[in-house]
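Structures incoming, each one as structure tokens.
Next, two complexes with subunit A in common: one pairs it with subunit B, the other with subunit C.
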Partner chain A sequence: MSEDLSQLFVKIESIDYYLPKKIETIETLIKENPDWSIDEIKKKTGVHNRFISATNETALDLGSKAADKLFLKNDIRSEINALIFVTQSPDFVLPTSACIAQEKLGLSKSCMSFDVNQGCSGFIYGLAISSSLISAGLAKKVLLICADTYTKYIEKHDRTCRPIFSDGAAATLISKSKNSNIGPFELGTDGKGAMNLIVENSGARSSDKKDDFQKKKLFMNGSKVFMFSMNEVPKCVENLLIKSKKKISDIDLFVFHQASKVVMDNIIRRLNIPAGKVFCNYTDVGNTVSASIPIALKDAENKGIFKNNKLVMMVGFGVGYSWGATLMKWGGK
Partner chain B sequence: MTLKINNEDIYLLIEEALQLAPKKININSKMLEIEEWDSFGHLEILVALDKKFNGKIASIDEMGSATTVKDIIKLLTLNKLI
Partner chain C sequence: MSEDLSQLFVKIESIDYYLPKKIETIETLIKENPDWSIDEIKKKTGVHNRFISATNETALDLGSKAADKLFLKNDIRSEINALIFVTQSPDFVLPTSACIAQEKLGLSKSCMSFDVNQGCSGFIYGLAISSSLISAGLAKKVLLICADTYTKYIEKHDRTCRPIFSDGAAATLISKSKNSNIGPFELGTDGKGAMNLIVENSGARSSDKKDDFQKKKLFMNGSKVFMFSMNEVPKCVENLLIKSKKKISDIDLFVFHQASKVVMDNIIRRLNIPAGKVFCNYTDVGNTVSASIPIALKDAENKGIFKNNKLVMMVGFGVGYSWGATLMKWGGK
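Right after this comes the complex of A and B.
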């Protein structure tokens, strides 16, 4: 019997995450960079601890560990028919991390598996794709893994990137729902900012100099990216509110990509959101790129902040430039 | 709407954003020539400008790379903010 697709809703069934064992505190950074000011870095970034992957530990490893944790509580791996691996630090240019993870995690051969190359908007993009796959009847249960190890691309003395970025992975199980739903979505791109947050020499368009090929270095034009965030993210939130016929007062909790304190503070200021409605965990976790929103969702759940039927707005933004936002009722059946 | 703000007001705004003593900033001041005007200080200036001009600074993309007082004033003038 065919399903009535108009009645198909999707929900986040569960989330788990994994962070590398090594923690780098702000004090460590100062020891290695005595000219940096601890107070200034704390004040601007708000990040006190970051997680650093081991030399031989990749986003694929972190993502697999996050999924393993998820399966420990509910081993439904045989039921998963789509695996989406969001990463910008894959083990290889090819094959995809998703294909390797499918085998590593013991997922069915009938499980479609593909990577999504997105950064800080990646979780929202992953949710949009998952939602579309389920609504179209192409999948019933989607495993969305968001994992990155940006710290491997960061130089020791890079004051713009090193105090912020952290390694980590989250695994999110998305499935059909009777009464809960994720959406609508607001997604956008402005490729004009592509060169403002980039890992140079990381793909086919590499430097002519052969030696440079190995120098995969993260570059961020902090002030340009900051201006993008201040300008585009509030517009994205406002567009989603219009699309969903909601007001800021209707939203119970906002979970933004955990970029850094200065970015979050100014987005909140520009949108005039009461501080109590915004969940932040960047102080202890850092900016884990696409994994930051699901990690924050899990932390909020662990802290008892979510109650059933709370309306949550999730907003991701960053490299590309790329952005996305969506709404979700927490804890639907 | 253009605010009644002159160059002196902008100098003062930058001094306050960077927590400098008065009269430290003038039309020739530049990022990195003043110790406090580093990349973090630059974000403070952008936030202070955005607050002063009621959120109109964030949409001026070039402001992110305006690293001299002359450039900042030029962009504010071009965008009819002063």
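Right after this comes the complex of A and C.
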């Protein structure tokens, strides 16, 4: 368990998200893969709809649209002094998506901007970095964009990845607050699992000099990633409870990374969390990588599940392996 | 000018760096490009030697070697609770280089790990994030690795990029301290210049579906990047001086990103900094992107230029456009 004595006087002010227009249902999958079973996919993944970015639509586009939606309600773009773009599907290896987004969104030139490369734990990591920048006095309002287009990396006949992953983006506004509303954090890494969820030939470690686009495909060792989730995620939750001197009964709502039905069901069972305390939206949205937690938070808010000062635990985990969890008082001032 | 009221009780504990074995001199360039002039290259870039990574040697390899050198002197790997890997030449789009490095370096599983995508301003950004994580109580000891292999993106006959860029990596250990030794920070972005220093067809915004390796090349609009440096860097330095209530005469040493001779000479002239106050090592090392400032700091230390409690201003700038500057008390406790 990592030490964390943080008192973070920060809050999530608002969240918005954007999903691409094209929806792919299980029926589409079956049409293209007649040997797959609808029932089995429903039972295992629980995902009925996935959102697919258009060929010329990138994570940067999705992320910018999510931020535009956020600014439509409250145009504070001139006040943003940090922009963090969490993605594993950047437009270019250089420059960063954050720098392009700074211009695209009309943010101030005195806004620091950088990309964070992190996957399914990316929102928790982004929140930890945002909260730290604010807490340390380096920023007052942080725009945290989480956006990915994993479907571009997935083959038509990939039974492990295609039924799960969805494209999407969320924009979260984090700002200085009077009270401590976020934290502590529990964050960890186990690079031993790095090769079990990977896009090979996608960077400098390329086995193929010709760098064939067709070889740039997502590979997931489903059973190993499942085992990792069963081992590390409950431990991460328990460590955060110890660190924050809370019990599961003190937590009003759990929002996990929307990995898939089988992963979530087993984590919930292992931790003995009452089902009513867990918010899930993977059925309609799929697994949107780093955007999945903020999209779920927004959906929970829209459904009226969140009440002010409810204590929410958020838990992200996946590629790396990497994991992270934190607590938040929803609507805290 | 961005606001920054930070009091950061952090210090740089140690730095180490690693450069690849292969050295390319100006003479090699001329042999392969008989129409280029040695005198002109010397006059403009000032770079006599550049370091070239081997075909199968990536930024992750260089960064790990730099960290190994650091741990050789002081093996505190079990105490590292945050690993930040700054790179624009990752092994893969996913997983992150940081996660792979966590395992490779034998760091604890309770170490948070993530990549930051940022270029020539990357060390200053990494230092801002590291300092914030420590200041907010999320980490006590941060390992900041800055590593890039830009030469892999550069064509043999590219007269703008090839004479300047070098591959290299630096590992910097940042830790909690009794006094405030780092900060304030001045950080900014201008995405209007994003397309003037870019590797096209290197990510999701690919104009070519076949993603031909040959088209994945660094492009730099030299005169536009030069103009940006002349406009923004002096402003950035002046803003930091105002913010910290210092004058140029209060600063003992300036360590700029080692862009090239012509850029550095002109910045120094515009700011009226006495030449003796500026440390340069671009002649022997070249422009190593985000690693250039920590490599220069280490070289300055090795040459005995640093004395304890000397006040050093560090300034990074480039691709994005992105820039950042901060102050540091060298050897501060």
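As a working rule, the second predicted complex is superposed on the first by the 318 of 333 C-alpha atoms of A that agree within 3 Å, B and C clash if a C-alpha of one lies under 4 Å from a C-alpha of the other, contacts with A are read in each partner's own complex, and residues count from 1 in each chain.
As a working rule, a residue touches a chain if its C-beta (ideal position, glycine included) is under 8 Å from a C-beta of that chain, and two chains touch if they have at least 3 such contacts.
A quick note: this is a predicted structure, and the numbers were derived from the prediction, not measured.
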Task: In the overlay, answer first, second, both or neither for which of subunit B and subunit C A:Asn231 touches.
output: first
- request: Quick one: name whichever of subunit B and subunit C touches more residues of subunit A.
  value: C
Query: Does subunit B (first) or subunit C (second) touch A:Ala300, or do both, or does neither?
result: neither
- prompt: Is A:Thr160 in contact with subunit B, with subunit C, with both, or with neither (first, second, both, neither)?
  reply: first
Query: Taking the superposition as given, does A:Val47 touch the first partner, subunit B, the second, subunit C, both, or neither?
result: neither
Message: Just checking: does A:Ser223 make contact with subunit B only, subunit C only, both, or neither of them? Give me first, second, both or neither.
response: first
- prompt: Is A:Ile80 contacted by the first partner subunit B, the second partner subunit C, both or neither?
  reply: neither
- prompt: Of the residues on subunit A, which ones does subunit B touch that subunit C also touches?
  reply: 192
Sites on subunit C touched by subunit A in the complex: 1-8, 58-60, 81, 83, 88-104, 107, 109-119, 125, 128-129, 131-133, 135-140, 149, 152-153, 185, 187-192, 194, 197-200, 202-205, 209-213, 216, 319-322, 324
Statement: Listed in rising order, the residues of subunit A that touch subunit B in the complex are 40-41, 44, 159-160, 192, 221-224, 226-228, 230-231, 234, 262, 266, 269-270
Message: Quick check on the complex: what are the subunit B residues that touch subunit A?
response: 39-40, 42-43, 46-47, 50-51, 55, 58-61, 63-65
